[in-house]
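First subunit A sits with subunit B, and in the next complex the same chain sits with subunit C.
Moving on to the complex of A and B:
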């Protein structure tokens, strides 16, 4: 009788220890949470100042998420798409055209947009010429030189292509003496200002910022055309990323203007707040892409 | 001396505090100089780091797009490190020309960042990219040149500052040594002063002590000693005087003891034969058939025997006064009783001449009781009244007067004065008045006042003095006894 009781006690203890050992595993989340969040950034006017701005945001997010958050700069627009495909990014702050492309070609989720200090979160494409040039319409452009920003930009490539197409110019090599990509919006603006190109395209936010820094830009450049406004920057995340993490990140970003630490980080990031992003916001970009698809195919063949 | 010691300690303390302040100042100055030098060395390291950073970025610049090129993130990190390094330079305080150079350097770095960014993000034709690369590289070279020039300037400044700092440290060391030497000198001076101030008077006091030890009780410290030593010298002189007085008193006491013993022995030996002679003389005078002339001779012999017996009795009284039986009593009452006896005594043949002397009482009504032997007190008062009466009679004064006065003095002392209008006392005799066997009377034994003094002094705190009457002629005997309350307090 006594040995039976002892046996029961030993069995009970063994079962208890087993349950104790299994308990943490049972309570753990089902998905695998990464130890580091790697987010790409597309280049702006000065990539070093840009990295400085994003560093404050990374520090804040790391503090809130309790994981390492690292931002990596990309040297070209559109490089983000390649890196997403190579699964080397968890997310990226993308400009409109890469965002639209990523939504179409990759399984990405548009998360949030930063709202600029002027309260605007959108940008639009400008086509501009020098005031002293004789170009005042599409008809005056034939035989001139034109500078684009990058093939992966809506404001610096899609929109000017659509503009040209609408005005009957469907062959860049034929209709222009020279066309090239400056690599950045500022470079494209400066190329027209310096006379290295007759016609230029760039996004409004960079144009206005440079014009604010140098008043002569507004006096010397004449804007011929403006594209529809679309969200300038969108944070997109891989959908395979842990859902809890994505949800937490969204909440943190959308509420960071409601606490002093977040407000400080936003101030250094030069934004007022983050707002929720919707895939539908990029329908205008998709339409533009659709409009210039023949020209894009032609350009693709040449490359 | 206490004041001098305090002042000296204060001076030493101030010198010490001064030394400490100078030492702290020297340490502060030296530390400040060393800190400045360390800072300069740190700045030197920062500038060298800056040059290395620029060279690293330049290397990134030239290898971008080649197989040796670094990832963009690394290049960005290097440029940001360079930027932060330049920012660090501004955190320190600089002279205006240096600050201007640093601002120019920072401006160049901002331009460098801009140019690099253009170059890195540019996708235009290769010639333009080459131009952007050259432009950025030129700015980088300018930064290196400027940094190296600043390093050379800093080195020069560092060398000058090091020399200046070492000179200041050397100067500070001299000041420190001088302060220590000065403090040492002040300490020595103060010590010497105190040694001289203490050893001189101590030697003087020691010499005086040795004189006293040798028995020179009249020796007095003539030298004027300073401070507390002056007070000590005064006290020493007073002590020597007191010692001399005590010694004299002791000698007197010893002398009296010898006289007393001798007198007591003689009186005892003489008294009995004298009684026998007196009785024989009286029998002879009464019973023998002698003629009146012979009987007169016998009567004179008997009178002389009585005088000798009285003298012996007086001697015995003086040598061995009876032990007083102390009780609380009223002095005025004892005086009244004594006066009755005195009037009776003044009618005897011995004081016949003083019979007409008037005795006036001036007794204080609120006199407290004293503790005394009533018999001995009566004897004292009677002696003094009879002595005054004899003195008045001897002066030939027709209106002889003795005033007896009692008063309560401050401190609870009771004073009794016997004032006569007789001849007074010769100034040379004041010291001898109370000596035994001193008398100015032809028939006096010289024991009355000596016994009186002995009896007064047998009473606790009692004393007797004599002076000439300052208000007129005659003498004044003054006795003082403590009141009963005061006597208990003394007991």
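Moving on to the complex of A and C:
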């Protein structure tokens, strides 16, 4: 009798332990639902202003998703690719070239694009010089100085390289007295305005914003070349992220212009709304990358 | 031989030896130099010029420099130019536009190399037996940076009506400021008493043109501006201890080097018309944070990252 009772007690305990062990698993979501969403942002010229804009969006999303949403500024363009590889980020707002790289190399999912206050979601690369310079085409560029933005930008590096290559300039060290990276689109524009570089490349949205703030800029700079327009910013997410969370996030972003709280957050974020993104939109970036691949390989060797 | 003749003979021999002595003791090449004003910008340019020219032709030629640093006014520039032309120097070198204009006005056959000229109109000098280099600082950037540093309505412009290039700078900045809704206030510096105007100037910020007269009394000018908490921006470089808040300038050394290269070519027989003139456009942006603190100005980080140099 005693042994039967003992046996029942042991069995009961075993079942209890088993149930206790299984209970959290049963209560937990079936997939990888994080308690926090960590999203990277590529740095802009004025990061304080940028963080302020994104803070309002983070607060709105956190309120809607009921999880903590944290935006982190990556140290430079293209860093998102490395951080995704280390699985530290759930997503990132990426510019065209890193987006294309991320889609190709990391199989990320492009989720949404913000639409700017002017109703446009795209940006173009511009190549420009001072109006009072004697440079009016690629032939006049030999021996001059050129400023790019960052090697991980489509508008500030990939496109100008393609432009130069199409005009027979395939060696930056040989063809220019100096070339360097300004680190931001605004810095590249200011460098040419100040005369610190003869030729510059930057994206149209920053160019137009600065020109709207200071109308003399359009009179002082002459645009020599324009790249195809591609979506400026894309929120990309890692595919392993919980499907429910991804779906909820998409819905929240795509409909936030339909409620007053969302409209307020969008206004502070300086966007009209978000629209669905598609991987095919980046084929133009891929084509540019393919075009300048020999130059990129050469630059990679030098690094 | 009379005693007088005995005494005079050695004296005459010494004098005649000195006058007809060995050629190597006399300068083989004489270069006449006219600076628009005795200011550090031109002096540093000239130091580089001398060093570079010695490097290029020093081993084969002995060079004598006759340097004129007249007080900046048209009569003095003209006198300095005439004096050097009368000396029949082999080459004339000028720093700044007024000195260059004074030499060109004399229509001498002596070749000319100019440097330190702001926004030179090289085309207008073609066929004048002259070549040279200058610099161009975008004045719009001065207005842009000042606007980002401080909200202001009136920009004082220090220039000199006797220096044609500084007048052009005043006129240019007046147009640029007007486009931004900013008024300009002329401050014409012609004599040492003119900086006194600054005691009652209704300006929120001041731009200093590349005027030799303004830079002759720059310390007094900056002290007066500092007393009134008025920030100043200049297109000529300043020493670290200066009271100027911001400079956007072209360093003098590259122009000195290039002018020396041009001079060496001319001395080797190349006609000035065959040597392409050049305008330097690369600038250096310097913010003085110590001055900014004294003026109560917080230089935003996005401006600081644009600076070539920050003085703290």
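As a working rule, the second predicted complex is superposed on the first by the 274 of 303 C-alpha atoms of A that agree within 3 Å, B and C clash if a C-alpha of one lies under 4 Å from a C-alpha of the other, contacts with A are read in each partner's own complex, and residues count from 1 in each chain.
As a convention for this text, a residue touches a chain if its C-beta (ideal position, glycine included) is under 8 Å from a C-beta of that chain, and two chains touch if they have at least 3 such contacts.
Remember, predicted model here, so these are calculated numbers, not experimental data.
Trainee: Just from the overlay, do subunit B and subunit C fit on subunit A, or is there a clash?
Mentor: Clash.
Trainee: Pick one for A:66: touches subunit B only (first), subunit C only (second), both, or neither.
Mentor: Touch status of A:66: no partner.
Trainee: For A:133 in the superposed arrangement: first (subunit B), second (subunit C), both or neither?
Mentor: Touch partner of A:133: subunit C, not subunit B.
Trainee: Looking at the overlay, what does A:150 touch: subunit B (first), subunit C (second), both, or neither?
Mentor: In the superposition, A:150 contacts subunit B only.
Trainee: With both complexes superposed on chain A, which partner does A:194 reach: first (subunit B), second (subunit C), both or neither?
Mentor: So A:194 only meets subunit C here.
Trainee: For A:74, select first, second, both or neither according to whether it touches subunit B, subunit C, the two together, or no partner.
Mentor: first
Trainee: Return first, second, both or neither, reflecting whether A:48 touches subunit B, subunit C, both chains, or no partner chain.
Mentor: Once the two structures are laid over each other on A, A:48 reaches both partners.
Trainee: Should A:260 be classified as contacting the first partner (subunit B), the second (subunit C), both, or neither?
Mentor: Touch partners of A:260: none, neither subunit B nor subunit C.
Trainee: After the superposition on A, what does A:215 contact: first (subunit B), second (subunit C), both or neither?
Mentor: second
Trainee: Identify the residues of subunit A that lie in both the subunit B contact region and the subunit C contact region.
Mentor: 45-46, 48, 183, 186-187, 191, 196
Trainee: Flag every residue of subunit B that touches subunit A in the complex, lowest number first.
Mentor: So the residues of subunit B in touch with subunit A come to 72-73, 76, 79-80, 83, 113-114, 116-118, 120-125, 128.
Trainee: Which of the residues in subunit C come into contact with subunit A in the complex?
Mentor: 136-138, 140-141, 143-144, 147, 176, 179-180, 248, 250, 281-285, 300-302, 305-306, 308
Trainee: Applying the document's contact rule, which stretches of subunit A touch subunit C when the two form their complex?
Mentor: 45-46, 48, 130, 132-133, 145, 183, 186-187, 190-191, 193-198, 214-216, 219-220
Trainee: Can you check the complex and tell me which residues of subunit A touch subunit B?
Mentor: On the subunit A side, the touching residues are 43, 45-49, 51-52, 72-76, 147, 150, 180-184, 186-187, 191, 196.
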